[in-house]
Amino acid sequence: MYKNYILDKDYFIQVVKDLAVMAEVERDYLTKLDSLIGDSDHGINLSIGFREVTKKLPEWENENITAFFKKVGMTLLGKVGGAAGPLYGGFFMKLGEPANNKEEVDFGEFCNMIKNGVEAVESRGKAIIADKTMVDTFRPALDALMAAVEAGQQPLDAFDKCVKAGEIGRDSTIPLIAKKGRALRLGERAIGHMDPGSASSYMILNIFYENMKKRF
Amino acid sequence: MYKNYILDKDYFIQVVKDLAVMAEVERDYLTKLDSLIGDSDHGINLSIGFREVTKKLPEWENENITAFFKKVGMTLLGKVGGAAGPLYGGFFMKLGEPANNKEEVDFGEFCNMIKNGVEAVESRGKAIIADKTMVDTFRPALDALMAAVEAGQQPLDAFDKCVKAGEIGRDSTIPLIAKKGRALRLGERAIGHMDPGSASSYMILNIFYENMKKRF
Amino acid sequence: MRRLINDPYEIVEEMLDGYCRAFGDHVKLLEHDGRVVVSKNAPKKDKVGVIVGGGSGHEPLFLGYVGEGFADAAVIGNINTSPSPEPCYNSVKAVDAGKGCIYLYGNYAGDVMNFDIGAEMAAEEGIRVETVLITDDVISSKNVADRRGIAGDFFVFKAAAAKAEEGSDLDGVVAAAKKANENCATMGVALGAAEHPTTGSEMFEMESGDMEIGMGIHGEPGVRRGKTEPADAVVTEIMDVLVPELKLAKGDEVCVLVNSLGATPMMDLFVAFRKVSMILEEKGVTVHKTFIGTYASTMNMPGTSVTLLKVDDELKKLIDYPTNAPYFIQK
Amino acid sequence: MRRLINDPYEIVEEMLDGYCRAFGDHVKLLEHDGRVVVSKNAPKKDKVGVIVGGGSGHEPLFLGYVGEGFADAAVIGNINTSPSPEPCYNSVKAVDAGKGCIYLYGNYAGDVMNFDIGAEMAAEEGIRVETVLITDDVISSKNVADRRGIAGDFFVFKAAAAKAEEGSDLDGVVAAAKKANENCATMGVALGAAEHPTTGSEMFEMESGDMEIGMGIHGEPGVRRGKTEPADAVVTEIMDVLVPELKLAKGDEVCVLVNSLGATPMMDLFVAFRKVSMILEEKGVTVHKTFIGTYASTMNMPGTSVTLLKVDDELKKLIDYPTNAPYFIQK
């Protein structure tokens, strides 16, 4: 069904490059979010991780999609630490698996990649919806994406739904008390603040989307 | 010649009480002066010293002038430390000596008291005019006082000369490079700043003067 | 920013290089992993390996306590960020002497995830690694298991390390660490923020003259912000939490740690200890040993924490055990 | 103000009370003079009395170095202010064992006046007291005799105290102190001001992001103010002064002290030492021993100083001499 909608290595490389730019541009904003209910480093953590990714990126140009994202994920896991290291490390390491060592995937396969990545975050962090974490972005985004695919929508429509649901999910963290992560101990003092990981997760999904618009 | 101009214990007690008030009111101003070319504590030092003096003052009410100022000076010496402790401690300890254990002095004897006090500062600190210290206030003030006495001037006129000369001396420290005290190492960076000790010395002389005006 | 640094993205590597240049007779960096500080004595024959770690920015915490009679290795993360799994695993490989290893670190989600992966990797090679999470920050949660680890790290590390030195097996070391952790309670107050070298600015906003009770050592928000009160009042508020937490009663003995979070004049720590001591005296609680200084910091955050460790004969012996690490020497 | 205090006019007394409560097995206050901290071992039979002192606010400087193998007494002044003559004299009475005493303190006019009166009072009772003024702050004056004493105090105290422990007579102790002082050079940089508890505000104005090279440990103005440069550049500027000052050449040996003025993260000290070490390495100068931490502070002033002590066999032995004072323990 999505056979004509192909995402190749160039697409994914561009996404990763854009993620690295995002990590710099949004570094202080994400860190500021973390300062209100965490430990003021979420943006810095991503920047540290993606700087390392950027440094190594040229070496990975000949890898297939599975191997490529495994390296991206391993690099984040190894360089970042904290909660974001294993979570986003896991996300990217698992992202490539459904690509089955190929050089390109169609949109349907890509959706399975996203699914695999999100599930990695969930299984590593054990967070569920309304715990005030990145899962509040990822899970509804994934559900919306899968529902749209199920309904046979066009890729851009489907991914628009995905991103929009992620955005709503991200904003849904604002009134929550946290059940996971550093904000957990804040109790009611966490209310009124957006979870930094939910914000960065939204940015990540959106970069996949923006690049997709240039393709489809 | 000055036999009719009597300064009694009450006068000196009032002077010391006013000095204690001055030390509080001017604490931060004198400290600020010291922050520019010293170590930011001259006003604090005086405040610490005169708080102790105030605490003990009631015990000293029956002392004669000599013993009274000895106690004031000893208290400053013991409580203040730094440069100001020995210098003002010495000033007050020696101030009372020419009063020869009496309960009151005439203006001529009082001038000798001032002379004795100033000389104590000079002999303890070994500073001379233009070293950028309290001597720049005290020495010209003393010289002006003695000249006026020599010329047979009225007490208030004579002490007015004394205080005015002290004020000019104080201001004369502004353009100087320091030869003594902490400002010594500043070289040309001391230029443009008033010496804090010369400022407090002027205040001290002025308090003697203001109280004298209420008597004569 | 009021800090003297070079490239903030290199600060951890430069710090570790400087540290090992300074204290090369005590420690070295692992050749193949620049985030693991290992004691020159490790692995020590027939001794359980004691591994501590966490994010940078808490110095001397973690690396300063690696050395003779103390920890065998410290695993170092980025600023305020747990180390990643690889160095956690590498530290085990470096210090294990066949008797297994213990991981000791503050209870933070990030640290747990990363150290756990390290432990799994070690387990795959048949090396047993046990973990004791430190949870001394009493104000951080009602639920003990959710509490953070802060300055109490020092006491837990010390007790476990001494137990390992005494030749105990891993279970014994775990038991000693747990016992120290259970008898340890800390509460802190922040008077301002640390400056993060990467952003070049303060980690959160706080007006001069304000204080925040219960703030974490990563600058995590505490429980109450208000005007700074006199030292004696603040210490009293802290002791009113710590004393019942440890159920201290007449005749009990404690060790006390008055800790600077980084930018507190030592003078103020002595003033604070004075009140701690007076309150304990009043309650008939004896002080076995006092530690005052920078033991667990948040870079240049102004603030102070008070830790009490309730001690019995065993804990006293473990705390008193001779140690010669660069930032904790005891005869 | 970002400090936790009570009445600022009581702060020195409260600090001393807290200190002696904490370290009562090492030191005590003189019963009849609350400004003299005396070692529990003093007077030590047949030993020259080693007395250090100066204003408060430099902790652990002065009181922290009183103890076994180190100073016999510290005389404590108000904040940033030399002690008055009486405690200077009382300290001599308390520690003199018939072999005379040495006064060691930084070269400040106020300290000289007060300690000199103390020495005169002791002389009247036939007790010989010699003074060695410490003048390690190289940038404070071209004229060596006019220079201030700052973090180098630590090395001079250490050398003199060890010499006294070895049983030397007063002349020998004086000679050791002079030798250490002559071979010692310090230069510091401040990045901001300390907050004075009495005024409740910063001791001078300095914008965040500025630095002042050569500022004194009482906040005395230095030689140059400008934008804060990278750590390596600042350390290089400092070393460019210290190395020629001590005429260091290939084959020479030094001890290094990288000192926090109070509010410097330890991380930054290690980064600074890294560059010190690299520069010395390049010049073929060996480091005998390194000290990094808060050794001489200015309450909560952000800033760092670097001290080099050029050592020969005698000085090495004196610096290495075992010590057990609350703020300096060495095996």
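As written, the chains take the letters A, B, C and D, and residue 1 is the first residue of each chain.
As a working rule, contacts are C-beta pairs under 8 Å (C-beta built on N, C-alpha and C of every residue); 3 or more make two chains touch, one makes a residue touch a chain.
This structure is a prediction, so every number in the text was calculated from the model and none was measured.
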For subunit A and subunit D, chains touching each:
C
Whole-Å distance, C-alpha centre of subunit C to that of subunit D, is 29
Distance-wise, how many Å sit between the C-alpha centres of subunit A and subunit B, to the nearest whole number?
74
Please report how many Å separate the Cα centroid of subunit A from that of subunit C, as a whole number.
33
Between subunit B and subunit C, the Cα-mean centres are separated in Å by 54
Where does subunit D touch two or more other chains at once, residue-wise?
none
Multi-chain touching residues of subunit A, meaning two or more other chains, are none
Among line, ring, star, complete and other, which one matches the pattern of chain touches?
line
So the touching chain pairs work out to A-C, B-D, C-D
Which residues of subunit A touch subunit C in their complex?
27-28, 31, 35-41, 44-45, 47-48, 51, 77-87, 89, 124-125, 180-182, 184-186, 189
Could you list, by residue number, the parts of subunit C that touch subunit A in their complex?
9, 55, 77-86, 108-110, 113-114, 117, 140-141, 146-148, 196, 198-199, 203-204, 216, 218-221, 223
Could you list, by residue number, the parts of subunit D that touch subunit C in their complex?
1-7, 11, 14-19, 21-23, 56-57, 59-60, 64, 189, 191-192, 194, 208-209, 211, 228, 230-232, 234, 256, 262-275, 277, 290, 292-294, 297, 299-300, 302, 304, 324, 327, 329-331
